[in-house]
């Protein structure tokens, strides 16, 4: 087994492409925004750390995937979205996006642990979920199918003249699949208001990027008439800025953007994988660029008590885990319910949009722009015996 | 119905890309080569004209597709191949490739007419066939699936250290499908010895290229690390040269090339389609660039009696049609035979390689380099009741 | 009431529903100005514009997947596969994304995939397939298969209004051959079976193009043998009208199931398995099936005729069953 | 003879055949230095090099399609889907290119697609599927599904040597649980059914992971009811050993068919239809089936257990049948 061949290319210090629009370098972020960003970064990490532990203790069935080291990408990207925007979908490294949109911690742990819960009712596990009430479409495993769905959502928004975008996350590995091409081509062709966030974390499971493609994803975007930008995926502000710019472009009729966020998967592919195939030097180099540490410096400079925030977050997570553990498993009789929708479809709701720039909209009435959100993604009326 | 929107972009006088290798402008072609090229161009046209008529007379069942106006691409490309190279596959505009490889005219008309025949035994019709004995893999309808198969063939050749390439034809329309992307990516990644010939004939059925993609296929090749060249698809010598260069590159370990041959579909999508959606001006412009007329000038300059050649070809076609019409339909009992292969698989044979540069090889013993060719693609021993 | 072909009835249903509901949109290859390979969408782009009648690139995964997205955005996409054979290229989006969405996330996916199916015109292995059984074996997809113009229109409208993904199988052989009275305006045909003809000696269960073959056979069995055959048109494969199937067997005690699709694991296998389990006590004879053998559908007319079920073969098997 | 797990037996068979025949090569995601998601190909790249054990990008259509090409070039590719669920992404290449090639062109496509299937470990809707029925309904593909280590090795070797495309279903639940004696060297297990246990009162027909569930149920029926149940392991779904199926029904006159897959149009439906047609006269009771209901396989252990067939439910249905 030749480990030398498995060595992913070290790409530290990625910079935006020269042709990218000028950034505001986070200038629009307030202290409250930085506090919120940091809180979500911490929450992502703490939840996942707890998740890995629960998995190893046998309290989470099946498998467990985390996004250690990549928190800045999903947090920063989701932070740049308005409440009516839709994510289709956060993938296995993107817990942060769920949290920014307002996913309930107790429901989340219930979901992970296979208990009755409002997110998935136990039909799905690990990171396969999405709270439709918050404008999230849960992912399927097949990569990157949900990118195509995001293009269709964006098409719907455009046709209806709604000012909203769809955003899709995917990894470097996803770019080799045919659906990636079909999504890029159709989105570029029709200038759909969609933002693609490619998390280039150097690896697809054990396979380094140089065994996946010869040309990096961002450089392939031009072939579709799609704008592109490379961004430091470990810099939450940079990701926020880039997605913000791409969102504006989409809303202005400028079509899709592919943002390639350079980052590194710091854990194994899943909790079962020790990732011994990763070069220790590479891992060390990226460890020095931890996204939480990087943003902690900024947060502290803004007078935020990072340690107190972490304690607070840990407390909330602990409470959620306790509540989840006390929740029963789903009723076996419900296993055959809800294959088909009966009656009026329950649609996508509006997500939390904590960025201060959205504060006004976010306070707006929940039914104003988006489809009505109901309390439960699988209300009794939408269930049916299979 | 807005016809204005359906107007394909007029692209007359395409030139090779500046980065393409220097051409020998057909310098290596002898008089005999030009005679052969012209004979195959004529044969392609005459067979198809006859085919359309037979279809309209109800003598060819199902449907009929021709490549009127595109003969130079498939003839020129196939002419540049050595006997051990494999085509996977000629598509609906590529009858010329079958003819250059040596497909028997009588068998061809038997096939078209649904009679018992050695090419398809009546299981396939119209342009869906391939004589495996001549190193042709018959196409499937799903576009462009056979491009992926070509990459696999090339991989096989590379792994075995055989000096042969695989060539795949496809239209502009095929480039929107996911399989196109997967084939391009894998071929570029591993530098497989494969040549992709994209026939950009301005249309996919009724859909002009500007409704298919924003960036022309040749310009997308770089995104895969694949070499590319744009060529005048109506210039048989230019196509021959370009494919010859690409073949050399592939054999030298330089990997795949995408050749975008600019041409125009001069008939409807199939014999059932009057193509009234095509702008008459565009059609007229391309009619003035008829590939047979263009090469006739060169042929005459080489002292070839083009009219005599046409008469000869017409006579051969007439004889073939007559023989085919006298052939019975396949035995109904054979309908369920041959779903599975029983016994030793019959493989791909060697094709005719009429280019004088291949004359030495082409005379070589048929079993020397390629797999053994047997007389019948579906020998009794490979048949089995389903 | 107008007399329409099956094809006209589909167009009519689509147009009605597009007029009635501006959420309905059409996507597919060449469906716009050209009106589709079979002209089902002829004139729709002129009436409804390019956003609601969209030509797509050749990209079946994108056609189906963007339809899922549009459905989630609140629209009601009706997408067309140029031939049902090409649905294989969008299989994953249909089965894994559309089909499983509601069960997994509670999000409904109201969309229709129109699938021109079937053989009988020398279309060969890639233009003659009947893919319904694949989708019957994929939870979360509804599947309907009309046999008459009236049902074609009513089932299409019901499919568009259904909050779930529906595969709409339209048989190419019926497009211009099947003609009949079709009610005006918008009406829904329920996803249930229909007794096309009553009888007492034997039941033939069929759907799509095989219904008229069954009726022809039933005519001959009456004319030549004075036997009354009951013909049940399933119309919907998912949901499957199990009650109607069991009821006809209870009435006649003998059953022949006809599929045009390849035999193994076909819709007919499911119907036979249902009967063998739940109507066992009512059976006076084996549950017999007629279907295409497990071969790609060959092109040549002599071969194609040898594999597709037809009235002659139905009569032959029916007589065997009656003599059992 | 060594005692191996089912997983080790597959690895062993692959290694044997790669040593014996240098045309055999392996392709798939992470199958190289990493040894595959389940470690089936562990060590193979070190032994056979990077050309014969290739890591591919995430591109199932390319994995299957390039395997077809390599097979046409004279190699014998064995490709791996990381989970069988992902075969949906390469469905078209498998069904339309590989499956129909020989019938249409006379070219053989000797290749194997390894499909880690099945549930029982909280894998959820996309890591638990059993896709075999889709491929049974696609002419030109052979399908095998071993239930023991010995058969796993022998069927894999036979699949590699077969001149046709073969879907090799390896059940993930058996990987480390099923253990047994496995002969050394290269041997072929025929594509026929095997009577695992003889009986006279009732036949249970199963394959893959359901064979051991059937055996557990048979044990209990003997221990508790003193009833001898015959268990038939199909091993091959295409070709289907119809003679063996009919023979067991002739012996016991009662039959229960168990699938782990979703019920509608499953392999079991085909077996039931066969019996209802050709063994009708031998039946003393309805042809009963047990299968997963038509739902995506849910993640939570309480829900997954509610949908997957298990020995308890087999015993329950068997008792009903015995009492009929």
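Just so it is clear, A, B, C and D label the chains in written order, and each chain counts residues from 1 on its own.
In this section, contacts are C-beta pairs under 8 Å (C-beta built on N, C-alpha and C of every residue); 3 or more make two chains touch, one makes a residue touch a chain.
Because the structure is predicted, anything quoted here is derived from the model rather than measured.
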Which of A-C, A-D or B-D has the same interface as B-C, meaning more than half of the contact pairs match by residue number?
A-D
Sort the other chains by how far their Cα centres are from that of chain C and give me the top one.
A
Computed distance of Cα centres, chain D from chain B, in Å:
40
Once you find the CA centre of chain C and the CA centre of chain D, what distance in Å lies between them?
30
Distance in whole angstrom between the CA centres of chain A and chain D is 36
Measuring centre to centre with CA averages, how many angstrom lie between chain A and chain B?
46
Residue ranges of chain D touching at least 2 other chains are 57, 59, 61-62, 85, 88-89, 92, 96, 100, 103-104, 125-126, 139-140, 294-296
Considering chain B alone, which of its residues make contact with at least two other chains?
120, 123-124, 128, 140-142, 176-179, 182, 185-186, 189, 211-213, 339, 386
Quick one: in the complex, what on chain C touches chain D?
85, 88-89, 91-92, 95-96, 99-100, 103-104, 125-126, 133-134, 136-140, 238, 240, 261-262, 264-270, 272-273, 275-278, 280-281, 283, 285-289, 294-296
Chain A-touching residues of chain B, taken from the complex the two chains share:
176-182, 185-186, 188-189, 211-215, 219-220, 222-225
Chain A partner contacts - residues on chain D that touch it in the complex:
29-30, 32-34, 37, 43, 45-46, 50, 55, 57-62, 83, 85-86, 88-89, 121-127, 293-296, 298-307
So in the complex, the part of chain B that touches chain C is made up of which residues?
1-3, 5-6, 61-63, 114-115, 120, 122-126, 128, 140-143, 173-174, 176-179, 204-207, 211-213, 277, 329-336, 339, 386
Chain C-facing residues of chain A, complex:
86, 88, 120-121, 123-124, 128-130, 132, 137-138, 140-142, 145-146, 148-157, 159-160, 166, 178-179, 182-183, 185-186, 189, 338-348, 371, 376-379, 382, 386
